[in-house]
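Next up, some structures in structure tokens.
After this come two complexes, each holding chain A, first together with chain B and then together with chain C.
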Partner chain A sequence: MYDLIFFLVLLGCGYVFGQLAEKRHFRSIIAREAELQDLLCFSERTVPAAYSGDAALVCGSVVISIDYFKRFVAGLRNFIGGRVSSYESLLERARREAMLRMKEEARARGASSVWNVRLETASISKDNDQTIGAVEVVAYGTAVTPR
Partner chain B sequence: MSDYENRPVPEGINISPSHPLKEFGLLVGGISAVLLTGVLLLALLAGHLVRYVPFAQEKALLSGVDIGWLKDDQNTAHQQKQRYLQALAERLATNMQLPPDMSFSLHYSPDATVNAMATLGGHIVVYQGLLDTLPSENALAMVLAHEMAHVRQRHPIVAVGRGFAVMLALSSLAGVGDGAMQQWVGNMGMLSMLSFSRAQEEDADAEALQTVQRTYGHVGDAAAFFEYIASRPQSLETPAIFNTHPDHAARIARIQQFAQAHPAAAGQTSQPLPPFMQSR
Partner chain C sequence: MIVTNIETVPGKTIVKHLGLVNGNTVRSKHAGRDLMAGLKNIFGGELKGYTELLTESREEAVQRMLAQAEAIGANAVVNVRFSTSSVAAGAAELFAYGTAVVVE
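What follows is the complex of A and B.
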């Protein structure tokens, strides 16, 4: 019985704090993206001649943990398959945050564009159930500062 | 410069629009419904299959179970009561169509509980609390015949088999440890008294009435126990037998109906209980 109460408290905490954190994070992401909208990012491998300048590697990485509630829902989803929507927003946040951190670094260098942008994802916990369920996203690219 | 631009990306294109609580509700509800159906089916199937377990095997199941009233009582007064119960049960047994390998072991408990119960292996326990409420041997015979009918119709093993199937299914899903399983197996003798269905009770009643009729030639006092239960004020503590034996008014009515259809011949009266069966 105590196990069940403990579990429900964890689930409730996970839901409340997870949702609060997610909403706050999305607000911050949207605001910062608007701010950095004029810093251009492309996946093109070579810098076109019209944009050439001083090049430097910039990168941004972020690690975001899953909350208890989302982890439980995703576990249930494992039984029947389908879209793991509780993980979708987690990865979306991680991707956008990594891009933003990369752009912030590029802006600090005075760059006007980033080329050859790549995203990489790593699961921190892998298959180990005992560690935290967290995801890392790294965004990196070549920032070009006009001469 | 105009060849390259970053257009703003619309919000929400990478996320399913469903609310997390809605998904949670659907998943929990759907999976529980499937599990419940599966476990119920398994329980029903187990209940059918377990009837094929030989009675000797059923007896062996209870050998390792530690229940107080299953042990031999050294008290001579208790032994006398136990022998009387055993003799009465054997007399009743001659009037039941028993399979050749089926036998009964009657036990007496000095406890004041108003109850009698049957469990695995033909073990039947009668509590002193029950004996004190009964006006005659006929009334006791009805209760005994009822419990014996449960055993003959294999109700205890069916209940245990169902419980075992459910326990096995749930523990294999939830990964309950060995300890919980052993604890449950240890308690199953007690569990079996808890889960006879109303239909099983009715079947046992019907067979008990036939048996008492064949043994005594009439069913006087057959409803005595239920009438006693019905006459108790509601505020009193509910007897344990209530939990498994609902709707006693309907049962009294059925017994009286049977009694009217099989009236006692002149001179047939209820036999009193021997004085040594009373606690006082």
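What follows is the complex of A and C.
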């Protein structure tokens, strides 16, 4: 009985705080993306002569965890199959946040563009009970500062 | 030392290739950070302790790569890539590699 109450409390906490945190995070992402809009990112490997300048490696990394409620929903999803939207939003947040941090580092260097942007994901928070839980994203690229 | 992850250094020419250099770190989570991470697993959100750990180990891997490049007389490293692999439960390797070159 107590176990069930404890579980429901966890689920409720996860739902309320998780939704709040996610909404706040998305708002901050959108605001910062608008601010850094003029800093261009490319996935091309060659820098055209028009953009030439001083080059430096810039990186951004983030580790984001999913809340209890969404993990539970994702667990249910595993039975039925289909899109697991709780993990989709987690990955989207992580990628956009990592990109933003990379752009912020580039902006601090006075760069005007970032080339060959790559995203790498990893996991240290993977437990023995094989739940994904948290995702780590590293974004990196070459920032070019006009001379 | 110039570091880029494209094949060239813009505005400069590569005069000599010195081969592959690399650097790695293996990081694991520790008890204090685990406690906070456990809480965050309920409420969701960024695991700041882990982000810090990831940033530190990335910098460490790059530093080791640069030290190696310096030792063989390079003044730039191009085509840098990051790669990760999990070694054991709760530990992961971060690996940085690139080509050491001399540019003018």
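Following the convention adopted for this analysis, the second predicted complex is superposed on the first by the 140 of 147 C-alpha atoms of A that agree within 3 Å, B and C clash if a C-alpha of one lies under 4 Å from a C-alpha of the other, contacts with A are read in each partner's own complex, and residues count from 1 in each chain.
The definition used in the following text is that a residue touches a chain if its C-beta (ideal position, glycine included) is under 8 Å from a C-beta of that chain, and two chains touch if they have at least 3 such contacts.
Note that the structure is a prediction, hence the values are computed from the model and not measured.
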On the superposed three-chain arrangement, identify whether chain B or chain C touches more chain A residues. C
Go through the superposed model and pick first if A:Lys70 touches only chain B, second if only chain C, both, or neither. both
Return first, second, both or neither, reflecting whether A:Asp3 touches chain B, chain C, both chains, or no partner chain. neither
First, second, both or neither for A:Ile30, with chain B first and chain C second: first
Touching partner for A:Val62 - first (chain B), second (chain C), both, neither: second
Go through the superposed model and pick first if A:Ser89 touches only chain B, second if only chain C, both, or neither. first
Under the stated touch criterion, which partner chain does A:Ser52 make contact with: chain B (first), chain C (second), both, or neither? second
For A:Thr142, using the defined touch cut-off, is the partner it touches chain B, chain C, both, or neither? Pick first, second, both or neither. second
Residues on chain A touched by both chain B and chain C 51, 70
Contact footprint of chain A on chain C as seen in their complex: 2-11, 27-29, 37, 40-47, 50-51, 53-55, 58, 62, 80-84, 86, 89-92, 94
Given the complex with chain B, which residues does chain A contribute to the contact? 15, 19, 30, 33, 37, 40-42, 48, 50-51, 69-70, 72-73, 76-77, 79-80, 83, 85-86, 88-89, 91-92, 113
Contacting residues of chain A [partner chain C, same complex]: 10, 13-14, 17-18, 21-22, 25, 45-47, 51-57, 59, 61-68, 70-71, 97, 115-116, 118, 120-128, 133-134, 136, 138, 140-142, 144, 147
In the complex, chain B residues that touch chain A: 1, 3-6, 8, 11, 14-16, 18, 20-21, 23-24, 27-28, 30-31
